[in-house]
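Chain nomenclature is as follows: A, B, C, D, E and F, assigned in order of appearance, with residue numbering initiated at 1 for each chain independently.
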Amino acid sequence: MIRALGWVLRRDLLLAFRRRGDVVNALVFFVIVVSLFPLGVGPEASQLRNMAPGVLWVAALLACMLSLARLFAPDHQDGTLEQMLLAGEPLVVLVMGKVLSHWLMSGLPLVLIAPLLGLQFDLPADALVVLCVSLLIGTPVLSLIGAVGAALTLGVRGSGVLVALLVLPLFVPVLIFGAGSVGATAAGTGAEAHLLLLGGFLALALVLAPWASAAALRIAME
Amino acid sequence: MLEARRLECTRGDRRLFSDLSFSLNGGQLLRVAGANGSGKTSLLRIMCGLVSPSAGELRWQGRPIRAEREEYSRNLVFIGHLNALKDDLTALENLQIAAALGGMPADSGRMLSGLDRFGVAHCAELPAKVLSQGQRRRVALARLALTPAVPLWILDEPFSALDVGAVVELERLLASHLASGGMVVLTTHQEVQVVAHAILRVDLDLHSAALQAA
Amino acid sequence: MNWGNWQNFLAMGGYGLYVWGSYAVTLIVLIAEIVALVTRRRGVIEHLAKYYAARRRNDET
Amino acid sequence: MSKSGKFSLYYFSSPQSFYPLAGALQPWFAALAAVLCAAGLYISFFVAPTDAQQGESYRIIFIHVPAAWMSMFLYLVMGFWSGVGLVLNTRLSSMVATALAPTGALFTFIALWTGALWGKPTWGTWWVWDARLTSELILLFLYIGFMALQAAIDDQRRADKAGAVLALVGVINIPIIYFSVQWWSTLHQGASVSMKSAPTMAATMLLGMLIMALGFWMYSIAATLARVRCVILERERHTDWVAAEIGGQK
Amino acid sequence: MIRALGWVLRRDLLLAFRRRGDVVNALVFFVIVVSLFPLGVGPEASQLRNMAPGVLWVAALLACMLSLARLFAPDHQDGTLEQMLLAGEPLVVLVMGKVLSHWLMSGLPLVLIAPLLGLQFDLPADALVVLCVSLLIGTPVLSLIGAVGAALTLGVRGSGVLVALLVLPLFVPVLIFGAGSVGATAAGTGAEAHLLLLGGFLALALVLAPWASAAALRIAME
Amino acid sequence: MLEARRLECTRGDRRLFSDLSFSLNGGQLLRVAGANGSGKTSLLRIMCGLVSPSAGELRWQGRPIRAEREEYSRNLVFIGHLNALKDDLTALENLQIAAALGGMPADSGRMLSGLDRFGVAHCAELPAKVLSQGQRRRVALARLALTPAVPLWILDEPFSALDVGAVVELERLLASHLASGGMVVLTTHQEVQVVAHAILRVDLDLHSAALQAA
């Protein structure tokens, strides 16, 4: 079982490496979206500082969501997903492998680059730390929930937007507490409560999401 | 032993076939015949457990396959219309991962011999996307050469896109699988020349009287 | 211009971090590019040598 | 690069004849770059006087400005060679364009980095969303886009052409971006910061900057030539002359 | 030629109608992204009002960009694009048809819903009008430029994110003047200059982008 | 008249074929033969003008095809590995749009007769995605029945996925096209039984001596 998880992970990372750009691209997308906001809103520093947590978190959410299209759809189209269902391993395990690799490729890089972008918005140092921590706990939740959405919209045409429609509402709590934690730190009220709640979401998602995704995948193959 | 009991399949408004029963034992080849659109692919997907039939049931060694899906999956290899190759991985890597997920050892020596059997060893290091249609099919089929121990092979038009040499090679492989007690289910519009001690035939055109009339 | 001693030179009138940060990173980046170019060239040549050797072997058989 | 390419376009537009030429020229440009940069550094640290307003921090100017110039100039050159490659279908021009991109991106990065390090002491912040800064950032994205696109396409011919289309679209867009950003920023921003507060330049400063700029220019040529040589080898590997060339070196 | 354009348009609209959801989806994505911001940033009215033009425009831009994945890629995969290249009609015309239908499905709905969202952010009436007008001029530019990006990344794997990387920098001027026009109206300085410039961009894009896209498509088929 | 002059095609490191010359006149069928991966599909795509050859050129009525791409395109129908059907449109709509873009009148009566010719008229109102592999191929081929006036047909493995009845129908259609002075280029691994006054054959395995050695 662990072996199967390892192979799925290995496969997806290898694929990501082959496409080289992919990991960098998710990152650059994040950077670009974050950079677009000042262009839309104007360059006043204080206003930008207030917006920063929200903008960064919304951008992370969008970056994660965009990359969901690559989670199951390519495998579905070329028939490898079918083969996974027939692999004789519990589907949940394989799904876990895929979610993990998705997070490694699209979530983790964001966590690492976020402080730099925070600097551009002139966030104070402690807020930067909380930003990183909140993203570290929050982005796996996004990947997990996103997997359910991606599985549900599999093979449905125009799924790119549909998946957004399905998962964004579910992302809302993560967004609120993620951005809230950074805002609270900047405002000096402390972020523990927010982060604890995020941790709770993570635990919940870890327990439920893989099962839901696996079930959705089976349905999609009918 | 695989046993189908009064299977029925409905797609949209159409009943593709109904009341279809057969059983398949070790060493037997089942050829599913029928015109285009008669439901061969649908039947094969039902036999894999990917789709559930609208009525009837399938039994593997006497037990319904729905009950122990993973166990049943380990006993079959399915090669469908699609080749299940990742475009960005090389032929070798594709085969390796397919084998590994199927629970086989995945050392590259064995893989290469599998590819070689189907004459695509020289493409082992090419990404699948640059391969020709027939080469892709050959890589997909190379899985069969690695999994002689898996008893049930389910193949949807395995001969499509293959040139004459590859067709012969595949026929030989099927024959040896059957000879060693395996089972093969396949569909094809071409003539099969597989040496087997029993070739069964299910003709879906006969099982869809309702459809023909419509 | 006379800086007097190394301390002064390194301090850059209190702006040492910024000035040296700029120059150092520039230097590092340029050197990194040079190293990358050298290794790339070496890699290409190595790869090609192998490639031609393989081809020759193929031609012989 | 541009010089040798234009000089005898017909003869040297074949990779085979350009390869040895590039090999011969490359060390000279590298040496020139080293000498000029050394001279520039000497001037910037030991000749140029301390600035009255900014103190020593202004010495960043000697890399910042030349790097910024190069970043923009190289994009134009890249666009030019891309266009030539697309229209005349000369393989060498496309290779040159491909080889220019990483160096251009590098100088863009240097301009951004040094600018940020300069901004902290002078403006009190690492970054403001000012016209120049923003358009330089976008330039970096354009470079990265070009490289990512080429990297994502395996077929060489296709990668060249697709990259060329992108580079050309980008070249049209650069002035548009530059002016829109400038206008946007002056519309919103009060008199907070502007480049005009930079010191009027002493002659030695200007000299140092120019020499450094020349040095960077030579460096770019040298780096590009070296990269072009690798690219040529990679892409022409199935030709006889490369086989002979590598056979000779082995 | 016009006939061919008509058929391409008809085909794409028919497809969109079949998938029903699609048009609505782009819209809903827009609405959701815009609604996420107050959640991320916090509910202060004056701050929200200042952000509004930028947020609305960035969301429009992202909505347009997301739908680019559907512009050429499906046709490429099922081989219909190949057939278009062989149709014996100038490719530019067919590209125009596709861009037009893309705009009708993803740009126009945004223009229509934008005032409603603007109201949520408490924008004054004249700003709402300008918002609509600026979107009406600006979104076609996005579709046109986007088509170039979509054509360039055709068949390239991981293209979803790559296309974002390529086109977002090119979208910047549109964003600046689009959001700028609304901001200027709200600030009372008049939006004519901005809108004129947007019009200029539109003219330029109309002239150049179809050719660039057609060239990119030919390249992609090699 | 279609004339190929010293065509060469290189893919990656491999020279697939070189120095390939032939000419094709009205009433002639050209069968491109070769093993899997020998470059048949690549040659067909070159002949359509979708890909440019790495050397050599193609001439249509004496003029190079690169010069007047649109004009040339109007003189050919290409049916490739892919069926070029939109999954969400019905078979009828698919055919209609393909015809309209090819400059044909697109009234549904004619379309239905085209579908009927290939025995898929009863699927006319079904979305293409629910059709079986063979039915999809039939719908794609129905275009041929509508475009007898277009002189040059280029078909990549047109017989794949077809059942016996459809194969016969297609052979009949090809024969009548040839009889009325059309030209056909096709690849297939099956045997062709088309009545034609001249069947040419290009064997790519013979044009790739360099490759075989590698």
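The rule is short, and it goes like this: contacts are C-beta pairs under 8 Å (C-beta built on N, C-alpha and C of every residue); 3 or more make two chains touch, one makes a residue touch a chain.
This structure is a prediction, so every number in the text was calculated from the model and none was measured.
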Interface residue overlap between copies chain A and chain E, same or different (over half shared): same
Chain located farthest away, centre of chain A as origin (C-alpha): F
Centre distance in Å when chain A and chain E are each reduced to the mean of their C-alpha atoms: 25
Chain D-chain E separation of Cα centroids, rounded to whole Å: 32
Distance between the centres, which are taken as Cα means, of chain C and chain A, whole angstrom: 35
Interchain centroid distance [CA atoms averaged], chain D/chain F, Å: 48
Sites on chain F at which at least two other chains make contact: 81, 87-88
Set of chain E residues in contact with two or more other chains: 19, 74, 157-158, 162, 165, 168-169, 172, 176, 183, 222
Sites on chain E touched by chain A in the complex: 19, 21-22, 25-26, 28-29, 32-33, 36-37, 39-42, 47, 50-51, 53-55, 57-58, 61-62, 66-67, 69-70, 74, 77, 157-158, 160-162, 164-165, 168-169, 171-172, 175-176, 179, 183
For the chain E and chain D complex, residues of the former touching the latter: 145, 148, 152-153, 156-159, 162, 165-166, 168-170, 172-173, 176-177, 180, 183-184, 189, 197, 201, 204, 208, 212, 215-216, 219-220, 222
Of all residues in chain A, those that touch chain B in their complex: 3-4, 7-8, 10-11, 14-15, 18-19, 74-75, 78-80, 82-90, 94, 221-222
Residues on chain F engaged by chain E in the complex (per definition of touch): 48-52, 70-71, 73-74, 76, 78, 80-89, 93, 97-98, 100-103, 127
Residues on chain C engaged by chain D in the complex (per definition of touch): 1, 3, 9, 12-15, 18-19, 21-23, 25-26, 29-30, 33-34, 37, 40-41, 44-45, 48-49, 51-52
